[in-house]
Structure formats: structure tokens, C-alpha cells
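Here come two complexes built around subunit A, the first alongside subunit B, the second alongside subunit C.
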Partner chain A sequence: MKKWRNRRSLFKGKDIEIGGKINSETDPLGSLLRQLSLSNDFTQFTYHVNETSLCIGYYTSLIDTEILHRDVLPYLKRWESFASLSSVLPIEEVIITSEPAKIQESLLRGYLFIFNINNLHQVCLVKAGVERTRQVSLPEVEFSVVGPKESFVEALDTNINLVRKRLPMPEFTVKEMIIGKLSKTRVSVLYIEGIANKENVNTVIQRLSDLDIDQIMDSSYITQLIQDNQNSPFPQLIDTERPDRVASVLGEGKVAILVDGAPHGLIGPTTIFEFFYAFEDYYLNWAVASFFRLVRFFAVIFSILVTPIYVAVLTYHYELIPKDLVSTLVTSRSAIPLPPILEAIILELAIELLREAGARLPTKVGQTIGIVGGIVIGTASVEAGLTSNVLLIIVALAALASFTTPVYQMGNTIRLIRFPFLLMAHYLGLIGVAVSFSFLLIHLLRLTSLGRPFLEPFYPPRIQDLKDSLIRLPFSMQSKRPIQEQTEDTMRFNSKQAKEKHNTKRN
Partner chain B sequence: MEEKEFQISPFLVFFLIHSVQLGVGVFGFQRTIMKSAGNDSWMTVIGAGIAVSMIIWIMYLLLNRHQKDLIGIHRDLFGKWIGGFLSLIWIVYWLLIGIIVLRSYIEIVQVWLFPMINMITFCIILLILVYYCVTGGFRIVTGISFLGVLIPFYIFFTFLFPIEYIHFRNLLPVWNHSVKELTLATKDMLLSYLGFSTLLIYYPYLKHPKKSQKWAHLGNLLTGVIYLFILIISIGFYSENQISRHTWATLSMWKIVELPFVERFEYIGITSWILIILPNICLSVWAATKGVQTIFHIKQKKVVIVSVVILFILLGSTVAIEGRENIENLNKFMSLLGLCLVFMYIPFLTLLSFLLSKIRRGNIGKA
Partner chain C sequence: MGKLKRMMQILLLSVLLTGCMNIDQRILDDVQLVTGAAYRYVDDDIIELTTVFPNYQPDGSVKNETLTTTAILNKENRDKQSLQSEKPMVSGKLEVALYERETAEKGIVDLLDTLARDPSIGANIYLAILDGNPKVVLSKQYGNMDNGIFLSNLIEQNVETGLIHKTNLHIFKYKLYAEGIDPMLPIIEQKEGKLNIKAIGLFEDDKLVDQIEQEKFFFLTLLLVHKGQKDTYAFKTKEEKKVSIVNIKSVRKYDIPEPMTNAEIKINMDVKAIIREYSDGTLNKQKIKKIENELKDEIEKNSEEIIQQFQEKGIDPLGIGEEVRTRTRKWDQKKWKQLYPDIKITVRAKVKIMETGVIE
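Entry: the complex of A and B
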């Protein structure tokens, strides 16, 4: 992990400042209170019960005032002694402590404190945190026509609930840890004990606990930080917003990571082919699903290769094209002054511009820009003689094909790796395309996901895992868990019983 | 034996053996063997295949006895210095395989695609690929061998196109050449099968080495079948006189392929061939690197430097070879060296290993 040069000074300085004040003075609580009241959203007031005065304090931004008014203040009237507070208050977490560090930490997690002004050595901490999150809503990135329509939200507990209600079993384990010096983000590792490979779970936990970073704002931070090869454009962990997908792959023996504040979970170990699964594939008939998977896979290959092949053929290998086809190309290109590579790069960049503009603008404006820009720029550039009709069709199709990948991050990767292919095609023709393709293959061969090969089940070849890769065979044939995950319990169900159908006799 | 996580499944030996045998030789092996054996040369393909299978069997005999790679066996039998020297000869041989494949491929590209191509740049680009593959370790090299067999396999179906123009009568009369001519042609054919000797160095990386033997033989069988298939089609497609004028008969045959959207299929063939020659070069460079590493006890961290040095040697010698004449000469030298090393030295070494162990056992018994 990279170490920031000024990181130590920043944190150590603060620690010493706080610690020093607390330790040096005889009144640790008082100095803590002074420090807390520097912030304007910290409130502190005295509350008189019988003869004693209680001091109550909290961060207004972190606690639910309703809990304070409904469940704390009324009950304080029955206050007898400090020790009895935990039985008086109708709240499960009431802690009595005197450590300033503990008080400070709890306050920041949505607790409020109560203490007797005459007795500073006992402070009561009451949990009254507020959770402000949005409702569980429709999945937007991985939308499916059939199947469940729940997606993760920004609250970790809600997300775990969404998964756990699909896996009501005690073996389903959640390991939580705190990452980030500043953000103190809760990160959970989810797996099923007895199915998931211990090595995989330990790898994930080890990598997460080794992280040394100040802020974790989203799960994509985690992907970038813990994946095996951080320089590869290919993501090596899948991010998904579908709880059903997470629950399903946990059953296959994978490990999932959920991050507080991120509406996307991470799944690993994974393979490149899993990036071409839409989870809807499992909700459709296996033949239909297999067909769509193949379509998606060939769309990706088409999207990467078609423009470079156009550039290569038109720059160097005219002879490849049969006579009838070449006349079409010649009429389309005859008025164009630019060499094929410039023509292709201009159009590819135009498409990228449209996509980027569409992604940054508000939805409604974005759509308009896409349609208007696409049609107007496309037609105009052909009429102006900057690009040929044929290339316009090819580039538009390639862009369309790159959008078929169900995982958004993979789509980005595919659009990026087109450009090296283009340049090599311009330099070495078809050989350049083949060289780039070999480079891509070797790169994919070298990649691993949590230490497991990324190109599996093609290399290393595992015939058993092919049943759910480029094609998806029926559920009755999926009785074994994939070898990729090296699960502890390899059998999912009895394949014999799965194939039998029992009808009740109709009399 | 290597650590488990670096080892590969035994059936991958099929691809390792096959991919390193099949290379640029496929483009032009017809002329060399038909020079002496004519229309009977299909027998030489089978004969050479059987001979190679026997050598593979002998290799396994040797390797199974020692459970070590060639370098270790040399050290056991001949001691540090002589053993090291003999190993170095093998390393040079493997490097030469890499050089000859690379140079012949570049020659084909120069003749058929880009006459004006800058050889150094092109060579560097290919060697960067090799470097990227070899530094990934043996699993990656195996991976590219595996994919290098599977992905370009479609290319062999295009040889079905010439079938409608074929005269199978060209094969007749059978057996109109003398045994001497056939033996000569078999010797020439053996060059097209070479490269499988890298088995001697990756043996410790096989998970169940004894189980892998049948896969090695099957890989050799596939090579033989492909050569036989192409040869029979070439014999039927060309006349004997014609074929003696084609340096690359296979490539010329592709000109007949015609699809609605593509003509001049040899361009696509040559392009796809990158994936076929890549395992050739990668495996031989890997074998050389591994050999140097074991002989001189170089640490894993510095292996990168070794492979860079080896690749520079490869680059230098490839660029230095100019013209058809020199390439042909190198080919001749290679086939001689290969024949000596693989077909004479390996059986000799196996015999020696058996004898030495008997003598040593006898000595122990006496003592």
C-alpha cells in the first residue's frame, strides 16, 4: 500500500493534541466536552430531575430526536440511580462507562450521553442513531424484465438484510471490519461457512485488513485497491446491485463484499465470462439464456475487432475483398480525403463524446443529445465527406455491441481497448490486429481474481464448469458447484432427484 | 518436482507437444519431402510420426527414472562441468528453434504481406509479446499453447475448399520409390516434427507425469494427422512438377478459397498463424531461460534479466540473418543438429543412464 508522506504527521499530531489534553488535565470529561462543543452541531443541555441535574449531549446531526423525546426524556423522570438507567430506558443498548475515548467514539456513531453533574466518573451512553437512507428501489444498471426488482441501497444493514432473507441459514456469515482513517467505513465480508473455500475468505479478509487508506467512499474503491492486478483495465471483481445475484453466487461458494454507503456489492473470485452474464439469464429458459449469452460474447468480440479490421483492410489489404463488395466500399470512400485510420478515429471519438455527454447530462437532456447528436453529426459528417457510410454503420454497430455487456465496468474496458487495436491495425494491418489480440490473450491468461485464474473454464480447461459459462445448461445439470471456487462442499443437490418429476395421479 | 501451484494437468501435455511441433513448417514442408519421395511422401509423414513417438517413449523412460529435468540428469550423470556444458548445447538448440521459427515467419510476412516492413521493429513487437508471456511463468506458456491450438483451429477447415479440384489419382501408383528415397524424405520430414524435446525441461511441471505420456503421444498423433491431411490435399491439388516450384505450397493453396465476403485467404492464414508460432517461440525461449536459470542457480527475481538477455540474443540473430539462402542454410543446420540431439543423443543418454545405474548398483553390492 502506498504511504502518504504527510499521513503520519496529520494523524499523530491530532492524536497527541487530544490525548495530551485529556491526560494532562485532571478533568478528562471536561476537556472532552470543550473539544466537542467546538462543533456547532453538538448540543449539550442540563435537565433537572428531582434534585439532581443531568447533563445530556449529542450530535444533533447523528441522532434521531424522536427517540430522544419519546424514549429517553420521559423515562428520565423515574430516575433513581445511575445503575438503574439501563432498566428504566426502553432501549437495548445502554452503556455505562467513564473512558473519554469510548464516549467520543460512541457519540460519533449516533449515541447520546447522560451524566450527573455531581458525578463525572460515570457516563451513560444511549443509542439513538438515525438512519437516513433511501428506500429499496428498482435496479437501474442491471435491470431485468422478469425476476426480483430489489436493488441494494446505501445502508449496509439494509443490504445485508436483503441478502440474508434469501439465505435463511446459520452458516451464512458476515464478518465486519472498519476501513479508512477518516471515513471509518464499515465493510462486510459475506460467505457461507462450509461452502466457501477458506482460502478465498481469508484472502479477502487479509487484503481488506491490510488496507491503509484514509477514505472509502464506495465499493469501487475496494475493487481497485484489493484486485490482483491494479494496472489492468479489466475489473477483477464483479460489482452488482442485485441482492439475488449476491445470494446466488454465495451459494456457489463465492465471497461477497458489501460496503456501507455503496449501493453495489462486490463478488469474487470471478472469471471474465461472468462479466457477460446478466442475472436474468437464470430467469429464462436455458436455451434462450444460452443464446443471449453467445450473442453478448460475440458482440464484444465484434465490437473490439470490427473497426480495426476495417482500417487494416482498407489501408493495406484491398485484395481481401471480393470484387462486388469492393465497389460498394469504393463508392462510399471515393470522396473522402482522409486515410482510414483518421476516419475511424474521428468517428470513434465522436461516439465516445456522445456517450460521455449523455452520461454527464441529466437523463432527459442526455437522451435528446444522444439522438439529435447521433443523427445530425452522423449524417452531416457523411454528407460533408469526412467519413464513409460504411464506416458509420460499422462504428455505430460496434458502439451498440459494446453496450450489451451487463456489467457496466466491463463495457468501459471494452471501449478503451479498441484504441490500441486501431493504432496497431494502422501500423501493421491485419498482423497488427492479430498481435494486439495475442497481447490481449496473454494479458487475460496472466490475470487472476483472488488468486484464481481469470480465463477459467477455458484455461485451465475445466469441462465441468463450461455448463455455466458461455452457455447455461438447465438447472438439473448444475448439480455441482464450479471448480473455480474450490468449494468445500461441491454438491449442490442430487442430480438424479432433480431430473425426476413426480406428478400426482389424476383420477 | 516443482511446487504444486505451478504444475499443470497431465492432459495439457497434448497441447504443449502439438503446439510446438506445428509451426511455420506447415507452409512449405511439401517441397522438401516430395523432392525425394514424390507421391509416396505421405508414407514418410507416417514414418516420421512413428519415429517421433518412439523418441517420446524413450524420453519418458529417461525422465520417469530420474524424475528430474534434463539439466539435473546431466548433472547426475556427468558431473557439474561436463553436464553443464552438454546442457548449454541443448539451450543453444532450443534458442535456435525460436530463432528459426521467428525468422521464417518474418520471411513469410516479408514475401506475402509487407515487402517493405521494418524487420527490427516488427521483431521487437513480437518479442515483447514473447517476453510478456514468458515472464508469466510456465502456466501462462502452457495457456498460450492451449489457446494457440484451439483458437486458430478453424484454419484447417479452409483446406477443405481445394478438395473439389483434387485428383486423388496423383497418389497412385503407390510404392514407386525406393526405400532409400523414402528414408531420405523421412529424415527431411523429421524437421517439421522437432521442438517436442522441450518436454525434457518442463517434465517437473507436470502433475502426474506418468499419466501424461499417452497425451504426449496423442499430441504427436494430431500433428501427424494434420501434416498428412495437408500433404494428401497438396499431392492431389498440385502436380509433382508444380510443387517443386512452390516454396510455400500451403499458402498458394489458400488462394483457391473464396467466400462471399473474403478472398485471398492466405492473408488471413498468415495473420492467424501468429497464434500458432507464438507458443513455438514462447516455449523454446522459456525452456532456454529455465535451463540457464538452473545451470547457473539464478534466483527467481533475476529471471527477468535472463529472459531479456535471451530475447536480445534472439533479436540480434534474427535480424542478422538476411536472405533466402541463409535461412535455408540455417534450416539445414538445424535439422542436422536436431537429428543428432534428439534421435541419437537421447537414446544414447537413456542407455547410459541405465548402464551407469547398473554399474553403480553393482559397486554398492560389492562394497
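Entry: the complex of A and C
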């Protein structure tokens, strides 16, 4: 017990904080070098130039050796004095310092150090970092047939580049901060000065800077940590992999968060309806897009309610079944020994198993699982008399409907909240379904996203914002920014001019 | 912390109080769905109940089955039938209730109670009179489905195509209790192994007193509905030519100048019809004019006959009393009953043939 306490104090101790500064007043550089050399990927060697011995050190895993060979070592021959190094080396960032903390931090960011063995008080830091990330590739989660095919990658600077080239304006602001005691993750807050409400920006920045955590591995950590209600199954920040989506919502006055190492950005404040927008909606004609959006909302309601209603009706309300359907339902269920609830839960779980197995396995095996599961298990369970084929169709359709949700996190939520509905349907019948729905509605009414209502524009009613909610009206009618964001500049463009059309007359 | 405590309490309550939620489960395939019921008085006091229910075969076909018991009340009959049944009998999917003819002549209001009081029975079930012994008629299977569904489809289909008037428990009870209107129900018989809507039974209060035969359904429907369509009629002209027409739009209007007196009541009918069959080749304008006139006479003659028949029996299935009641403040049911048989009621029809079809 005591030992354990001691270990804890080791982390909490002021003198040696893991990953923190080293504090040794007698020989700062020497003790730094000793600590660094503990790691095998740290290299240091001595380089002789004109009878001077220069010590060069770096993390081999963090620097580009080509820069070292091409841009540093040849130029060191022209070594005159330490101060002239910055003009000799063809690299923009050459820092001369003597602070051990600064040296350590820079080394970890991909710098190499050079110092004269005879003069330990001046250390030259040269930027030679390498970024090993994958290329910008096709969006996979939010794929669209038309529209840009770029998606975020794991490198923060690339991601900011993807957004900034869509918003070439000085007002587009990036505020960067470091979060995570161990991971020291760079997190950027993106917004457009003069459009985004200061309150939203400050909320995000304040929540981020208040975070006290050791590691940030992905942007989804940030969502879970800073969203308004952390126990809600509903995500309150949208995560997206599309830079065009981020650039577009920044223009609406929203705030985006990008995290180094995460190929997904976060958007807030948002509403529940925004989770059902595919960004492709804006690339299609407004009537087509509106239809697809309505289909998606219908799919969500269908996915949540259809199995519970089946269970409720078959268990309690046989009166509700149309007389032409009775025979189909009874015949399909006559051989089944299980009550409707068990039958439904077995099938729902089977679908969840298939989905989970498909998600965990490599793509090629995953496809096989889909076929095996869909055809073999489906037909076999009907023939074995475990489930009725009517329910099989219903459950399969409900699962399909839940996959139409463009934001992956929300799709998961929808599949999860089906189960309380199912149990309540078995417990109280349709009243149970109604009760669960009321609870769901109350929960959604109470949710906020960065302090802004989650069910807007329906509650509180904002008629103007309906133009881009369940349906998407044409661009010419979207001249005002959403009320939800409380933007500083509410007009996007002049709506009158937008509706005018000028045809050049031919002579 | 307080919030968490309350959550725990609610969770605990819902676990501990499961016994208080004693809701009857009626799983669809574990109940016997009664789809039809037929009532007959075997004695002054003893009711014979025949229930029809489907027996779903594993191959998807449906077998019609019946149970017949006698008791002093209907619900006792149901208990007795449950004693003979594999699954509990439930009445929520009852589609049609039949009353044997003699029973209907005695009055059916007591038998309606069981339908009206049971909340699982809807107000839109069909009522009909059965000419024949229910036990015999219903034990035979008439379609691919059980007889309850078959009968309900039979009535529904004919109501929708406009051959007979709209009828169900709600309408029957409305007409039973409303002042100035009497109920009607279709009479069904078994004829050559088939079920057949033979006539429309006319009630005085809850007793069957008279009937309208198949041939006059057309006129009855015309008289009954304010705006009608789709009903059909075939007749012979004076030149022995046969014509079949379909009513595509008829409007019936009452003209009651002096309500609650024995002044004449006029019923104006505006019928737009098309000819769908004609036995004498092509039609020209004069021929159509002639048919229009003859159809007009036919409608006026038959309608007045029907009304006369009603007046003689002192019944009012058309709801003329109700029409009067809506036009006066001096409504008095007793006085109306005295006035009604002697009022002169005339029918004026306007007929227009809109289309005759093309034959080449």
C-alpha cells in the first residue's frame, strides 16, 4: 500500500514530473543529455570542423535525415562562429538558446541540436522534422458521389491547410493549444472572426483549456470530454471527415475543432437534425436533397419504432392488426415457441452481432460475414422456427434504416435506444412505446450543444431556421445565417440580388 | 448525489413493483380470434351463440371452425365455449355479428349490449340478418378464409361498390336511438351453397318488420344517400329493349315547405348516369332521350312505391323524420308518428345520360 502511494507521488511530485521539465541546477545540459540518451532512438555524435568539436544530437525517429545530410552537415564546414550559424544554414528556423526546457521541447518536436563542446551555454536548434502521414484520400465514412473527394488526415497542418484553402480570408482564425500531459496533442479551434459568436468561441476555448487529461488520442476524446451532457447517448458535437463541410459550417458561424492525429474534425454548436444531413445534400438540387433528408428522418423513426410496435401489437393489441394481415402474421408465428419479445431480441442481437463482426474483421472477411449472416442465419432461423419471417424482414429493414444516418456516432445511438423501447413495448404495450418516446423527447429537449438548444428550430421554434432542417430550400433563400448560432454578422448575401438573373443579350 | 439516489430509487421501484403491472398479455398466436358471431333465441330466454373462428394451417391456408353453445347471456356463452377451446376466445377481431331472422323479429337490442359494452369490439363491425340456422350455415366454409372475414368482405365490398347502403354497429345504433329514423340491415341467405345478400331488412325500433328485395336496392340507395355514386340498375324499356346503367353521380334533396304538417314533401333527385349495356345496337340522341325519360319514370314510380311501403308499415328508414326535425323547432316525435303515414311524399327525378360508350 505504501509503495503504491509512493509511486503516485512520483507522478505528482513537483521536482520530476513525467514528461515535464527537468530541474537540475548544477549541470542542466549534462543531466538533460543523460536523460535523453536513455532512449535508444536518440542519437548524438561529435563532428569535427576546423579543430572545433561540434556535438549534434536528435531523435532519429523525429527528424528527416535527408535534411541533416543535405542541408546541415555540408554547411557546417563553413562554420565561423556560433552566432553566424543561422545565416549559414539554409533553414528558416535556427534558434540559439541555453534553456534546457526549450531544448527538450524542441527536440521532441523534430529539431536537432548543435553545440560546441567547449561552450555549453549556447545551443543551436535546427528544425529538421519529418511528418510521416498518409496522403489526403477519399472520404470513407461520409462518402459522396458528387462534390469534393478530399478528407482529413492525421496531420493537423494538412487539415488546416485543407480548410484554409477553402476560406482564403484573414478573418479565418486558428487558435492552437496543447492538451494532454503525456500526449501533448495540438488542438486547434477554428472560427471566422466577425461571424462566429464570441460566446461560442470562448465556450470552446474555455472548455478545452480547462481539460486536465494525460492523453488525447482522437477528436472523439474531445467530444466526450467537452460536450454539455457527457452521459447522454446522443453526441452533441458533429464529427466529420470532410474539409468542405467544416469550411461551410464555419461560414454559418459555427466553431470547429481539429485535433492533431485525428482524421475527424468536430463542429459545434449543432442540432439533432444536423446529424442527419449528408453534406451531399448541398451538392444536389434542393428538391432532391429535401426528399433524401425526409427519407433519412423517416428511416430513423422507422428504425427506432418498428420492432417495438411489432412486439407491442403482437403481445397486447391484436385488435389493431388489419384483418387481411392477421393470417400472414399468425401463420408465420404459429411454429415459433418464443414470445414476440424474445423473438425480437434474438434477431436484433443477431443483427448487432453481424454488424460488430463485420466492423472488426478485415474488409474481405467482413463481406463474407455479411453474406453468411444475412442469408444463412436468416433463412435458417426461420426454418428452424426460431423467428418469424415477417419479423426478419422488419428487423432487417430497421437495421438498414439505421445505416442511412450519415454521422456514424448518431447511427450507433439509434441502434442503442431501440432496446429500451423494445423492453417497454413488451412491458406495457403501445403505452410503453409512448412512455419511452416521451422520455426520449424530454431528454432531447433538455440537451444543449455548447449551450445552444439541441432541438432547434422545432424547440424553441425558429421558423426562419426551418429553411435548412428537415428540408433544404434553395440557396437563394438561405441568405441569413442560422439563428441557432447567434452570429455577429447575420447576412450571408443580399437575398434580392441572389434572385435576380441577368442574361447577356446577344447582338 | 441526490439525483443519483433518486435514480436508484426509481430503478429499484421498477424492479420490485413488477407484480403491480399485471397486464394481460394476449399474444396473437396464443388466442382464438373470433371473427364472427351469430345469435339465435332458442327459447324466450335462452341464447344460442355460434362463433366462427379461423384455424390457421401450417401451409398458410385457413380452415373455418365454429362452436355453438346455449346460455342465458352472451358472455356466459363465451365462457362455455372457452371450455371447449384450445386457446382463450377473444372478441377483439370480431368482424361481423349475425342475427337469425326470427330472433331479429323478436328484437335484438338486448343482444347488442354485449357488442357495445366490450371495449375491444370496434364500432365498425358489420351487423346482418341471417335467413337460416346459424349453426348450419356457418359451419360450411365459403371462401379461402373463415366465414367471419368472408362475410365482412362480402358486405364491405358491396357497400364500397354502392350496391347496398353503408352499415355498421355505430350506424345501426345511431339510427336505433335517433328520432325520426329507423335502422336497416342486410339480410343474408344461403342459396345453392353460396352466401348471398338477399334483401335489406327494415326495422321498427329493434324489430325486423319488412324487407326490400334485391331489385329495388338501386332506388333505396338513391333515396338514402345525399350524394351517391356507383350503384347500378338494369331495366326494360317499353320497346322491350334492355338497358343497364351506372349511376355516376346522384344528388338527393328534400323539399319540405311546411315541416310538421301533413303538407306534401318533395324529394328531388338529380341523377347522372352512363349506359354500360344496351341490347339494341347503337344509340342516337332520340333513343337516349327516350331512355332518360323512361329511367326517370322508373325511378319516380319505384321510389314512391318504396316510400309508400314504408309509410304503410309506419317505419322511416330514409330518415324523412330527421330531415323534418332539422327544419323545424316544433319537433315532436309522437305527433310525427301520427302524421307520417298520411303525408304525401312525391319523388321528382332528373336524369341525364352522360355517356353511352363506344361500340364498333
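Going forward, the second predicted complex is superposed on the first by the 484 of 507 C-alpha atoms of A that agree within 3 Å, B and C clash if a C-alpha of one lies under 4 Å from a C-alpha of the other, contacts with A are read in each partner's own complex, and residues count from 1 in each chain.
Keep this in mind: contacts are C-beta pairs under 8 Å (C-beta built on N, C-alpha and C of every residue); 3 or more make two chains touch, one makes a residue touch a chain.
Keep in mind the model is a prediction, meaning the values are calculated, not measured.
After overlaying the two complexes on the shared chain, residue contacts for A:371 are found with neither subunit B nor subunit C. Contacts of A:169 after superposition: neither subunit B nor subunit C is touched.
Residue contacts after overlaying the shared chain place A:108 against neither subunit B nor subunit C. Look at A:339: by the touch rule set out above, it reaches subunit C but stays clear of subunit B. Looking at the shared chain after the overlay, A:315 reaches subunit C, while subunit B stays out of its contact range. Contacts of A:445 after superposition on the shared chain: subunit B is touched, whereas subunit C is not. In the superposed pair of complexes, A:428 makes contact with subunit B and with subunit C alike. When the two structures are aligned on the shared chain, A:325 is found in touch with subunit B, with no touch to subunit C.
In the superposition on chain A, A:455 contacts subunit B only, with no contact to subunit C. When the two complexes are superposed on chain A, the residues of subunit A that touch both subunit B and subunit C are 316, 319, 321, 428-429. For subunit B in complex with subunit A, the touching residues are 8-9, 12, 109, 113-114, 117, 122, 125-126, 129, 132-133, 136, 139-140, 143-144, 146-147, 151, 258-264, 267-268, 270-272, 274-275, 278.
Within the complex formed with subunit C, the subunit A residues making contact are 313-316, 318-319, 321, 323, 326-327, 329-331, 333-336, 339-340, 427-429. Subunit A makes touch with subunit B in their complex at residues 316-317, 319-322, 325, 428-431, 433-435, 437-439, 441-443, 445-446, 455, 458-461. Those residues of subunit C that touch subunit A in the complex are listed here as 21, 23, 25-29, 31, 33, 35, 54, 56-58, 60, 62, 90, 92-93, 95, 120, 122, 145, 149, 152.
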